[in-house]
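Across the two complexes that follow, subunit A remains constant while its partner is subunit B and subsequently subunit C.
And now, the complex of A and B:
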């Protein structure tokens, strides 16, 4: 986050190197994460203790894994962006937004307090809005960014509701305490809380039926898509579910919702990817599918499923990040991302080719890459699902087969075959462009094939923190052929065969899909459009009703609301004593009151505006006298000044006002009379009630005593204003200043209004 | 308005009123007065000046845009709460220093005075912003 602030400055100093320097800084962060041992107890910092709000960081297995992914891929992306948008003046903005996003994302994955996670979650939504709409001069990019913001923003609201309900049910917002809270799953608020949280997580992680925003978000430049959609933002929902699994998981509802939606998303995403021709959209759909798989695995909830989930998470981040960067590299080189055109680039771009091949193989789940292990594990998990195991297995096989074909389309096909027509300019991008995908591809290979498995301990810890208890995870390349492992291997074979068939049939399939019109897949998009337009219309309608521009009705609304609330709370006050004995009345007091009453009547009945203003002024001065008589010199002085300025104001606007005429109907007059009578009556009752000593010891005595001792002042009113209740005063003067800005703006806008009318 | 009498008296009155407003503001802690009342007095004085001469003269005299004055006051009030935090107390906790004059009198100076000065500036700024802009409207 700190880096985000200095990034633009750095870019100005060294435009060519800024990306590399920042990448190094983030890489340092990465190594810091890598070297810090994970632990299951959260680190707690008080943030707003009076609100029971703490920043607790949970650097457990899952947190560490995700932090590594976020920072590691982040540093490669920064490097990549440096090459991809080389010389673009907006690069500084991109760095700042990317780093801000990275900071927020780290908050989501490391947060141990649901409220803290929520804040970071919203931050990722906002920063991703900036990132997706990076090409803000293109309408398509703006629309996509808005769509992503609205969908994830609506999800964020659901999440907030869910988090609050969960906090009520579990008595805490700390994840570690929620996981230990007894009887949470039987609590009456469990079901609504779960549903709201799922809505939030599903929108963020692009589950069916909210998946449509993700392919749209491909409007962003490739470095952004690669970062947001391979490794980070869309995983936020998955991470949240994984985090909450120990607290909420294990119920029928959890299993059904996650498996149902996850499975559906898995199929829609992976199969949908085959019908696309744009490299990035293909990858986007396949990402949707992968997110579905992850949700499905969390839903299954067995130990095997958790192990598969975290392995898959790591494998996917590695290969999808690489594939996105490859797609960007290809686009950068030959200026097209159409998979039907691309071919034969291998010779011109050997390093990118190698990276693409590694990533694609990992995605296909081919020995000996990390993707293979992940896929095997997911089959084992599917076979071990408590219910519906055959269905889940079948869906997984279909989805993985589609993923196989997808990987072939994206990672292999463009580099083989005859050189394409526009291919003569094909060239390898710079060091910045190929380092990222190659490093990620090699990582897939290394983590898959390396003996002893350097990351096994981490994955084990991550799976343990998702599951809520520690258990042993064997991460081996070759698990043997016995029992479920043998079955999984068989399924893998079937997957490869089916995938190859799908790849061969991709053209007829695409034609078939085009023939069907793809109507079904677009339905949610249309619903979104309708809701978007509907809410705009409703907002306009509401504005016309509520903000009708009549000062009269605003005042009436405010007064009526005040009366209603006050009466309601008076009603609930059990021992309300209103005493009408006001003690001795002096003659001069009667005189003042009579003066006020008469001038009020004159003000209301007057036929001329000038007379009304003067009468009001007299009433105000009468009130001033009352203040002065009853020892409120400060109030009296203020009142005099306010009256003076009011008269000045009236003088200033006098010439602008229309003819003083009777504009309201009799009905309106009667209504207004009723409203003001009720208001006046209420104020009378309140004043009498306040002077009737409801409290044991009046507050004024406390202030009177403490004023000189602790406030160094003898004027109690002033000491209260500037010392005891200074925060209130601060708020008031802030409002005052803001109101002045509004008034001045409104007055200055006059020429525009004339022009419009 | 073009009245020689008004102009001449206003010239004297303005300085007197401004002085009085500062006096009101400063004595506010122990006697009736304070930043709010002082600010209103100053606003009234400046508006009177604007009536006697014109708005442009007042604006020139103020040097700063009224809204900037309000912003300055707000910033001052905000900052006056910071010293309280040094030493671990809550924001806006008052801090006092007692000056001993040679003749034995004491002057209590504290952060609330700064705060009140902030309020004073905000009120002047807001009042002048609204009134002067309206007066300009009238002139057009």
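And now, the complex of A and C:
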């Protein structure tokens, strides 16, 4: 049980070690997993107890099956990578990334808490980004990695939303508790939660219409493709759906969504694989198809379907991993992956040939391999589907026939026939290269021929944990010809026949497809491109609009926002009183106000800088008079001195600046006038509204009482500034000093030479 | 008088803002000066206008006799006047310097940091 915790710690196993050692370590992990009995109750560790977060590990049948696949194939892949990239300096990095990925993946398959699963899920997205973009010097690899990250990352966000909704609906993030939660399927949040989670799972598992990233991800070196896309990452979505089936499954929506998308993916993937010529792309499309099948089976939801699903899961991991490694071996040997060129390699690469044949036969679903059992089971499940059974059966047969042809193209054709032209240098790869595929191929044979022994019990337990209740699963090579089994056998026969025809017709089919523009099936890829470029363009446009570098528009935005917010909050004031009481006004006061107004307007309207400055000075003088009249002698004295200085300074400085020019258009003037009028109006309203409230001023009262007694001064304002609030005044002086230093610095530094910067 | 002052303050704010929105740097500075007048008068008016009651303690008394003009806003305004002057002086010298360096006083010409 502690093993899954050890797994992440394995990342730290220094990358400098040889792949073989690491492979052995992971193989040891594999055997430990194999020897640990599965149990259905989760193991809970506290993670962040204050947030009520726990790491719970669920080592039930499904968890154990997936853990075995992940660690078993993982160890073979490490070995394979050692041979494939032998002597490459980046090998260390590859090991580290692969092990990190493996740890995250184990977290996904063993996690019992949805939040924990989500964290590991995101980790697999990130590590797979690193892995797919392993050849980071090639733009294509970078683009593919980014595409995979964006698609699965977007899906991850959907998943998070779904998980949270589900947690709210079910009252827990523990899978085991959710499965028991009553009324979850009738809860109002069920539908949105389900849709979000499905979006996450579908993007991860490359379901139509998100399937396009998977073939793109073939840019990675073969060991990575083999691992990510046969056994692990793409299965994460399937595993998640399988995990949630006991909690969420069994509704119309669940059935419809999973069967619809799964079925479509199954057809698109498997048929699409026939139109590819690159070995790895063929395999990638076929993987897409297989993932569709698995989702379809989970959607059907019967006991037979669950049994088929887990068997298929295991069979696919075994043969697809082997086929990927074979493809890599071929590529390594003759440096091409073009299926139209490859032929006659069997003589030069006998061991790889044997492995390829075993894997291909399993993929075709031929007696006596595990693939046969899996295919039979899936037919039985399709026949037993609660609704649309004929359609599902027909789609399955078509998909499996295509898979048959695909396996022939990849696993058989390259090794038969006349030796190819570039084939003189064909040679068997090293031990590292053929051990993996051969071991997996033999596993397929063994598990098939021995009717699942010793894994049958495990498959039963896994199917049980997917279904949510235990039931008996018979893994038999020959189930007889009675009832549904007979029908299934019949369908298998039809599949083989159709597959053979498809294989024979592959070339005309490809030409036909090219003529018809089968690439239309890639439309989601174009949608992705459009969205990607669109969002980049929109960001650039937004930046240009908002960050346009024009002071005018910045100030305008700020002012309008301020006015808007203020008006809104004024509007909500229930008892807003704006009083227009004129009160007592003396003639001299009216004169002063008029003086300020006139000079202010002159300052604004004047075409001459000097006139504007003088007007500004007069306005300042007016303000001084206001202070003097309304009991502010200190203010008046300060204001008049400052005003005088300001006018002098402005005259001196502006003398060197150019005359006013007419810079703004009439439209801009009217617009700015409107903005400033609204602003000024708002300020007036604020003053009127505020002056109706009588300010309670205990502070002023304090100063009035204490100035003489404590400050020993009769001028209260002065006492406040230099005594009670002396530190503030010190700060003010500091500001003045800083400004003075700035002024001096700017005056004394010579201007930069023209053309310098 | 309050109403009159409110109108005056509004007009000062509007004029100042209009000048700040112009493209000429000189007008920007004048606008800032107008805005600072407006703000000072705003604070002053908020504290109830009172004629001939300066916050000065008379000979032989130990405290201000009510009613008196509020000394706290006056202290604030006093600070604001001085700081406003510092800002104006600094800004004036700065645009002078900018004009020397870039040869323009049009703010819209200064929308990029590359030159």
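One rule holds in what follows: the second predicted complex is superposed on the first by the 520 of 757 C-alpha atoms of A that agree within 3 Å, B and C clash if a C-alpha of one lies under 4 Å from a C-alpha of the other, contacts with A are read in each partner's own complex, and residues count from 1 in each chain.
Here, a contact is a pair of C-beta atoms (placed from the backbone, for glycine too) under 8 Å apart; a residue touches a chain by one contact, two chains touch by 3 or more.
Please read all numbers here as calculations on a predicted model, not as lab measurements.
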{"item": "Partner chain(s) touched by A:748 [first = subunit B, second = subunit C, both, neither]", "value": "first"}
{"item": "Partner chain(s) touched by A:734 [first = subunit B, second = subunit C, both, neither]", "value": "first"}
{"item": "Which of subunit B and subunit C A:642 touches, first, second, both or neither", "value": "both"}
{"item": "Contacts of A:633 with subunit B and subunit C, given as first, second, both or neither", "value": "both"}
{"item": "First, second, both or neither for A:688, with subunit B first and subunit C second", "value": "second"}
{"item": "Residue contacts with subunit A in the superposition, subunit B compared against subunit C", "value": "C"}
{"item": "Touching partner for A:715 - first (subunit B), second (subunit C), both, neither", "value": "both"}
{"item": "Residues of subunit A at both interfaces, subunit B in one complex, subunit C in the other", "value": "633-634, 638, 642, 645, 649, 653, 656, 714-715, 717, 721, 729, 736, 739-740, 743, 747"}
{"item": "Interface residues, subunit B side, partner subunit A - complex", "value": "24, 28-37, 40-41, 43-44, 47, 66-67, 70-71, 73-74, 77-78, 81, 91-92, 94, 96, 108, 110, 112-113, 115-116, 118-119, 122-123, 125-127, 129-131, 133-135, 137-138"}
{"item": "Subunit C residues within the subunit A interface of the complex", "value": "1-30, 33-34, 37-38, 40-42, 44-59, 61-64, 66, 68-72, 74-75, 77-79, 81-90, 92-97, 99-101, 105-108, 110-112, 115"}
{"item": "Subunit B-touching residues of subunit A, taken from the complex the two chains share", "value": "633-634, 637-638, 641-642, 644-645, 648-649, 652-653, 655-656, 711-715, 717-719, 721-723, 726-727, 729-730, 733-734, 736-737, 739-741, 743-744, 747-748, 750"}
{"item": "Of subunit A, residues touching subunit C in the complex", "value": "548-552, 555-556, 559, 579-585, 589-590, 593, 596-597, 600-601, 603-604, 609, 612-613, 616, 619-620, 623, 626-627, 629-635, 638-639, 642, 645-646, 649-650, 653-654, 656-658, 660-661, 663-664, 672-673, 675-677, 679-684, 687-688, 690-691, 695, 697, 699-700, 703-709, 714-717, 720-721, 725, 728-729, 732, 735-736, 739-740, 742-743, 746-747, 751-752, 757"}
